[in-house]
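Chain nomenclature is as follows: A, B and C, assigned in order of appearance, with residue numbering initiated at 1 for each chain independently.
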Amino acid sequence: MKTTATTLGVIVAATSMLALAPAPTVAQEMLGDGMTVYVQMGGNPGGPATLPRANGAKDAARHLGAELIEQYSGWLPDVMVRQFREAVAAGPACIVIMGHPGNDAFADLVDEARADGIIVTSNNTPLSEIYDSHVGGGFGYAGVDLYTGGYVTAQNMLKAGLAEGDQALVYGLLGQAERGLSTRGLKEGLEEGGVVVDYLEISPEVNNDTSLVVPILVAYLESNPDLKAIGTQHGGVTGQLPRALELAGKAPGDIITGGIDLAPSTIDGLQDGYTSVVLDQQLYLQGFLPVMQCVLTGKYGFSGLFTNTGAGVVTPETIGELVPLIESGIR
Amino acid sequence: MRVAQDTGAAPAVRMENIGKRYGNVVALKNIDLEIGGNEIVGLIGDNGAGKSTLIKILTGVEAPTSGRMYVRGKPVDFADYSVRKAHELGVETVYQESSLGDKQPLWRNFFVGRNLTNRWGFIKVKEQKRIARQVLMGAIGFRGAGLDVDATVGRLSGGERQGVAIGRAMHFDADLIVLDEPTVALAVMEVRKVLDFIADIKQSGRACLYIEHTLAQVHQLADRLLIMDRGEIVRIYRQGEVSLDELTNYMLALHGDQEAAA
Amino acid sequence: MTATGRRDVDGVEPDPLADTPAAPRRSLMARLDAIEGLPILLVFVIVLVVFMVLAPGTFLGHRIYKSLLITAPPLLIVGLGLTLVIAAGEIDLSFPSVIALSGFVFAACYRFDNVPYLAFLADGLEGEALQAMKFRMAWLGMVLAVAVGGLIGYVNGLLIARIGIPSIIATLATQFLWRGVAVVVAAGLSYSLRGVKDSAVWQVTSGRLFDWFPMQAVWSLLIAVALWFVLNRHRFGEALLFIGDNQQVARVMGIDVAKEKIRLFTLMGLLGGVSGVFLTAENITFYTNQGQGFLLLVIAAVFIGGTSIFGGSGTIVGTVFGTLIVLVVQSGIVAAGVQGFWNDVVIGLIFIAAVVFHLVVERPERFKGLVFAPRG
């Protein structure tokens, strides 16, 4: 009897010790092992609307074990097309593109890439036709629903204190294929609120180097003294608005401004009160999610996911907690 | 002043009362001269005497403000006269910087501006190279120098460059070859070569007008010497009429007059 | 008058064949030296081998080379023109804008039913008939696009040769002007050329020979060969070389410097127009900022290829390889996994190395100056 009890006791003790002992460390296999992902970052390395996206992509790649190849196009659509060709030629597992060149430029190229077994997905600017054709094969979208984003910005600008009959300037890119939708949303949102909108198109030079926008805006402000609001959906321009307003002699709050993206200069603007409303595209997610999409589709064949990363706005009230994240290039 | 020619043939160039003003500044006046079909004429004078201006008018770079000019007896229409026209009439110039493209090979320099081309304007390279080789290697005698027609001009010495320019002028059947201070900044050996080339010009039956600062050279070589001062031809000497010392003194006196007048 | 230029002064004709030395025999080195573009070809091979090692997945496959054959032509065509311009001692910075405006003309003709001042031509046409009209308009568009390029070039030529504005300033100004015009006439919009792939125009400019070889590559190669002959074997090309070498000399040798410069810039404009058509056709889209990224790439390609900034010489073969090198480096650096931030640093270093290499080859004395400190 004593031996049975002892034996049982030893067995129970041994089993519970095994159960409680830490699991032996086996080398973990990462989901993205062996995968190379090409990501179109958009502007120039380190640029305000590009850095958070790059950081998001890098983080995703690192944590999923994939190799990341960054591509920078200076926001030039014909360069993006060329870089896509070069990406396809490298035969990676996956390529992440942006929608600026439009469906027509990309359609055949994406078909070719898919035929080669390369996964393609997108961010920042949608490519609705390609999305419809290839969503099953992993073509997703992580970005702002452009029209909604502009519209939401407009709504919040109205809330910040615009009345019917007020004058507003919308400075945007109505011209570009799908990118213009955000400007349209902004414009129409303001117009629905009864605001009188004057529209100005962003030139290619300014698009590439937004510091050039300041004299243009100052000149506009000085020739339109009754202006009550300035709205844009261009990240770089948003960052230059506070300086332009200051140089034109406006005090914070004189003009209601609405913009997008959280560059360091935009933080200052929000804190000073020059900037009233900023749509946060959450650019980091636009880098992180597509890489994740690539890995998951590559590993398990999941279809493309549509994620609207531009759900809300940041105001002077809510900026405080985001500051450290913005300064380190995450938000 | 005019000196009659004894050859009987039409002179290479004759200028009648040529004048040139730039605004209020009179660069040339009352220029009457003749250059015979087969002589070396030296043109000397201090800086600012008008030698370069005279040459420019002669060679088609500029037009005079008054006067007439005859090349080989035929009158020149200055509205129509250009460097190209001058070439056609047989007047060639060799400049101080010897009018050669330094980075271009000899055979191109030889024919530049008047290539042998087919109907479409494409250059007959082989033929141009052959002729250039013939003339430069054969007639001018570059043989010993180890050069060939593909060598770029930049590799040549100063004297050799002048030789190329002169050889080019002679080949293109120039009746009158004008040399604008061809021995400036050349080493002694090179100067010797150039003077030989100039002698060659006369030997080949042509005429030569030769601007020079170094009196010794031109005194020795020229059949006639034209002396210019303040835009006019003030004296003409024939070969042998004046010694080098006398000439030097005359030039100094002219210069002294200038200084006195200033 | 005999061939040797000697007059028969004594009435005796000199023997034309005497005194003619035979052409000297050239050593192997001298003959290798004379082969145009040999050094840059070697550089290209070295660069390729380096990237084959650093990014074998890309450079040992065939796709990257097909991609090069598609993306190089628009750059190469303007690069070839720029080679002639630089050989003549000038520069042209306006070609990116020519690529934009001519691209617009081509796109607008194809999409004429969308363009306000041309839409009337579509009256009564629908469906297939409309599409057929669009294809015809595409041919017209191609011709007009090149003509517009030529016109822009001609204006450049007038500004530079008749009015006397230095080419760097004139073409910088026209770069802005014509880009602006393109944006204005396009109303800031990009134009999609959907359906153009089925047109004959597209097949001719951007189709695939034997199902894989891009037509643009064929055309740009033909243009390269033609321009080689123009630069090296034609009167016009020689005039450009002399103008670039020493304008004064060119003038006194009877070259009409102004007229030749105007012709040169007009040619450059025409080539810009061709490039614009190729770029727009291949992308099936016109973008208002197309070609903007070309400026520095093309200039780099020309100098890496070996054409001297001092003028007086130009190498077509060099520009061909220079363009390929620039594109290979651009994509190779990315494929080799160089961090985005380092991209431009590496490209800049390669550019400097290539240009120094050429300078050393051109003037070896300079190299001694770099390596050994001068005495005294």
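Just so we're on the same page, contacts are C-beta pairs under 8 Å (C-beta built on N, C-alpha and C of every residue); 3 or more make two chains touch, one makes a residue touch a chain.
Because the structure is predicted, anything quoted here is derived from the model rather than measured.
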Other chains in touch with both chain A and chain C: none
Suppose every chain is reduced to the average of its Cα atoms; which one is closest to the average of all protein Cα atoms? C
Greatest Cα-centre separation from chain B belongs to chain A
Between chain A and chain C, what distance separates the C-alpha centroids? Give it in angstrom. 37
Just how far, in Å, is the C-alpha centre of chain C from the one of chain B? 42
Roughly how far is chain A from chain B, going centre to centre by Cα mean, in whole Å? 75
Identify all positions of chain B at which a residue touches two or more other chains, and write them in rising order. none
Among the residues of chain A, which ones contact at least 2 other chains? none
Shared-contact residues (touching 2 or more other chains) in chain C: none
Complex contacts: residues of chain B adjacent to chain C: 61, 82-84, 87, 93, 95, 97, 99-104, 108, 112-115, 117, 120-123, 125, 131, 133-135, 137-139, 143, 146, 148-150, 167, 170-171, 173, 203-206
Applying the document's contact rule, which stretches of chain C touch chain A when the two form their complex? 55, 57-58, 61, 63-64, 66-67, 70-71, 179-180, 183, 186-190, 192-194, 197, 279, 283-285, 287-293, 330-331, 334-335, 337, 339-341, 343-344
Sites on chain A touched by chain C in the complex: 36, 38, 41, 45-46, 54, 67, 69-74, 76-79, 81-83, 85-86, 88-91, 101-105, 108, 173-177, 201, 203-204, 207-208
The answer for chain C against chain B in the complex is residues 1, 3-7, 9, 18-21, 23-24, 34, 229, 233-236, 238, 241-242, 245-246, 248-255, 312-313
